[in-house]
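Common to both upcoming complexes is chain A, partnered first by chain B, then by chain C.
Presenting the complex of A and B:
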């Protein structure tokens, strides 16, 4: 330790340091007190629940009798479960369709909403409305649109296109129908992320590209898009996680049907646990899903995540 | 001074506690059910008013559950936080009885002189496990054949009678179908949804048993079972005389019937108030289901009032159950036409003479099987739904669909 100036080692300086320490301790306590409501909630309903679910995944548990240890039996059963395989495939198709589309739509919306247009505030709010609408309400509205006598078929009939489609009742159209609904609702949410990122890009970069004679399209492709990469990474990761966990829309619109064509993993977890009282098995499924998401996120991180310095 | 104030405060608190305890001689019970129609809910409230006059010391809080009833009740039971008295559907009664979540009512029944034999035996058996009674059926329903009188008149076809056979049903459904290519005008003979509950009666009519004596082998893949699936699906796949509700822009069979898109539908008594409230112009009748190759068959749905095993006032809870399922209350419910009584003494009530529609649904009970498949009801129902769906949407043969379904059901039963 360096000697303190003034030739009077200790006393004043150490006293100050001590009082500082005391202050910082009490400050820390205050800080923790402020965040404690959040910590307690998240601790009980997320951390504890997750750890307990992991514990349950090695048990046979029917909600009423005490959990009975079964080792890896639940996970082993999962390997031969055809429904789980179907759900995994559905969710893969769903994610592969939704994530790129919603990201692209979100970027397009953000670029549009970032222009200096008349009524910019109105457009921004209008784009954002689908995402603050509850998923239950939007699912119900889309069910009406998708009915065989619904508006979508009516518009198709005006265009003299095939219009006799039971969108949610047909195994080949039900999943795309749900995907369309989800893209519509989530794109707006991610638009906000991109909008914030766009406003972070310094104007000097645009000026430089203008001086170099880049067209609008070139500027977007070679300047804006690369600079949005950290946000794209964020949106793709969050989007993938959300898609892998799709539940509400399936529960309300199709209940996994027709012919299991919209069966998602979380919906399967729900039916096993609450329908058939197999909570341990359901928990094992949830952790298998967690493993899949974890690996996917690692891969995305490897290929998409880069730091940008201006 | 401070201490004195403290003592006074303590004394006041103690006194209020004592007063509270005296008032608490009044027992409070919580009653839950799913949220039915407003009219039906009013019936429960009326019954509770009568109960409050009869037992002024028991206070009943009625707390209906809005959505996802069985999920909520199961989690509440697991948390030992369940209502004292609540509805239990026969469809998922067995897992609860088996795991000791419900109170055996027999000792309390003995105290007030209620006998098992007062109630229809088959209904009560749905809430009996290991010889003990875990619920008193509050009412029940079977399926009836609802028919649109106007459409029958226009096609000059006589109304259905109880001696109709499978062939008559198929024949008439074909005659009543009128598809002109305009979705607003197309009419179909019958609505046969992807729903194992509507398909179940045909299995009985064809003579197919659910399981063998061991209870682990499903018998639906027998020639009789395959015949039933073939019959149920032929209306739609071969004759084009049947639709599922979504094809005609309806949410369920009753809705399709009310909107007059189909001439016939298989529904229970719940359709009567639904039609009165939403489609009062539709003139309809209800008939017993037609006879199949193996005779009559139907399916019954029933719900009990049960008491949670964790209930702290079982004596009082039983008094509530007894009142709600008692002769007087069931008589009142029947006379409003909402549900069918479970008390044998009410089977001869003159109400049925004036209400042939309700009478037709009541008669189905004599040859009906319960709507449940034991411990794994929901899973097995889903497998049967899939079988119907495979024939409807993938043009799979009923034989293959049924055999695959039974393979899956056997797997579930042997778990």
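Presenting the complex of A and C:
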């Protein structure tokens, strides 16, 4: 159809709409095509996987015979399972120890790395190195350092402290030993979060506190720290989520021992599902952990999340 | 609020009070100058002490890699090896014949996930940021929501799916669930949204297709964020332990991370070899970090989320 000059506006509009529609249809098709590899992957291995895990948690499944519906039996079993209770307690102790410590260390590192020092770049990189080390490498190195006749005991003996300790072989020291390793590896990661937040604080705030005659410590305590609150919230939440899922270090260093003193929930999920092929029970356990994480996040949001205005 | 207090005090009080304030400020400044010098020394001392704490375990490991087994385990431990030997570096390749395989498997798995993530995440990121299609925002929000799902929830189904596909104990099974990560798309969308639209419109007028625009306009502009994505993806795959542990069974298919643990667990632990081997795991990552460290920091501070 040829467009005649001064043709009826109706046809002009409809033609424009048609070409627009054609344009937007092709744009939509391109859009779907472009996101499809990503969506297929995420759809399969996250969306479907999460739903499937939920489904499995009400079934008995060993990979070879078809899933058998058991209702809430897996969850009920959790409540009476002593191993699960031990793991829950271990993870609670672990999280309660690691999260506040690594958050405090991360803030201290960020403040330190934010000072105008000559070697600032070097210091920042040096602090970050534990963070890029794999869990396997750091766990193996620390296993050797924690060895009864190892370097950590040697340093303690030089300081005249108790030093004949089998760190990973003793039920009362194994968990703290793993906690120390994790604090050493992850603090610098959160340092970066705080460093970014510190650099966002306007200098006028510091100038004001200087004019007010506040000491460095007072400034930190009454000015810097309150302004870091949103970052602290973020770090505490991310730290808690990470801690609740501790697995690699436990698997590599202690296998949950000695005397189940380092047994974590994900370690238990691993042994139930991949050791005993109880996939339904393992999935139920994973969901119970998810629920705990979710509730903790909500509680932390209530107490820590406060809007900041400069 | 503090600033207000000061203003009230400075302007509201009489001249006498103002003079006293000035004098107090003077002596305070002198005291501060002395304190500041001491403070700087203290800050350097603390910064150095922290450096020692973070780097000492690596220093001990490097030192151990030049020692014999008996020297690695001797009491009291020595820092400097009695005689430098490169035997461990040779032995790690020969005593454990699978070591080169592990290194190769790790390199392949990392290379594959890096390439697929860079391609799929940037493509999806471009579509989410620029193209209009029904349900776009809802889909994007839903994928962001998955960041809330802890990895251990999906671990069991992942294994079952890979098992069904017949890919257990293979490189394909190892990389398949990770060919595109949510974090990568998130990073790309953030970045692409900030690119001025005029550049793409120019390409469109020149008759460039959407894929052409993506290749010739968007990708070159995304270089910094693609570098960050490369590093995070490499780190994720190279350092991963849990998923390879679950999906791989035969030692010849292991990644280096898994192989190192296997080397340790076999029988009596040859610590000199385990520690030397772990350096092969640490050093490639360290080199990438030192080369591209500004992108590390950018990536974390851009998202505040773990990659």
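The rule is simple: the second predicted complex is superposed on the first by the 270 of 310 C-alpha atoms of A that agree within 3 Å, B and C clash if a C-alpha of one lies under 4 Å from a C-alpha of the other, contacts with A are read in each partner's own complex, and residues count from 1 in each chain.
Simple rule for what comes next: a residue touches a chain if its C-beta (ideal position, glycine included) is under 8 Å from a C-beta of that chain, and two chains touch if they have at least 3 such contacts.
Fair warning: this is a prediction, and the values are worked out from it, not measured in the lab.
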{"item": "First, second, both or neither for A:63, with chain B first and chain C second", "value": "both"}
{"item": "Touching partner for A:260 - first (chain B), second (chain C), both, neither", "value": "first"}
{"item": "Partner with the higher number of touched chain A residues, chain C or chain B", "value": "C"}
{"item": "First, second, both or neither for A:150, with chain B first and chain C second", "value": "both"}
{"item": "Touched partner set for A:252, first chain B, second chain C, both or neither", "value": "second"}
{"item": "A:218 touches, of chain B and chain C: first, second, both or neither?", "value": "neither"}
{"item": "Touching partner for A:271 - first (chain B), second (chain C), both, neither", "value": "first"}
{"item": "Contacts of A:289 with chain B and chain C, given as first, second, both or neither", "value": "second"}
{"item": "Common ground on chain A, meaning residues reached by chain C in one complex and by chain B in the other", "value": "63, 147, 149-150, 274"}
{"item": "For the chain A and chain C complex, residues of the former touching the latter", "value": "24, 27-32, 34-35, 37-39, 41-42, 44-50, 52-53, 56, 63, 109, 112, 115, 117, 119, 122-123, 125-130, 132-138, 140-145, 147, 149-151, 154, 184, 188-189, 192-193, 195-196, 204, 208-209, 211-213, 216, 222-223, 231, 234, 238, 241-242, 244-245, 247-248, 251-252, 266, 269-270, 273-274, 279, 282-283, 286-287, 289-290, 293"}
{"item": "Touching residues (chain side chain A, partner chain B) in the complex", "value": "62-65, 147-150, 164, 166, 168-171, 257-260, 271, 274-277"}
{"item": "Complex interface listing, chain B residues touching chain A", "value": "70-71, 74-75, 77-78, 95-96, 99-101, 183-184, 194, 244, 246-249, 376, 378-379, 382, 385-386, 389-390, 393-394"}
{"item": "Residue ranges of chain C in contact with chain A within the complex", "value": "2-3, 5-6, 25, 28, 39, 43-44, 46-47, 50-51, 53-55, 57-58, 60-61, 64, 72-77, 116, 119-121, 123-124, 126-128, 131-134, 136, 139, 142-143, 146, 149-161, 163, 176-177, 179-180, 182, 185, 210-211, 214, 235, 238-242, 245-246, 257-258, 260-261, 264, 271, 274-275, 278, 281-282, 285-286, 289-290, 293, 296-297, 300-301, 304-306"}
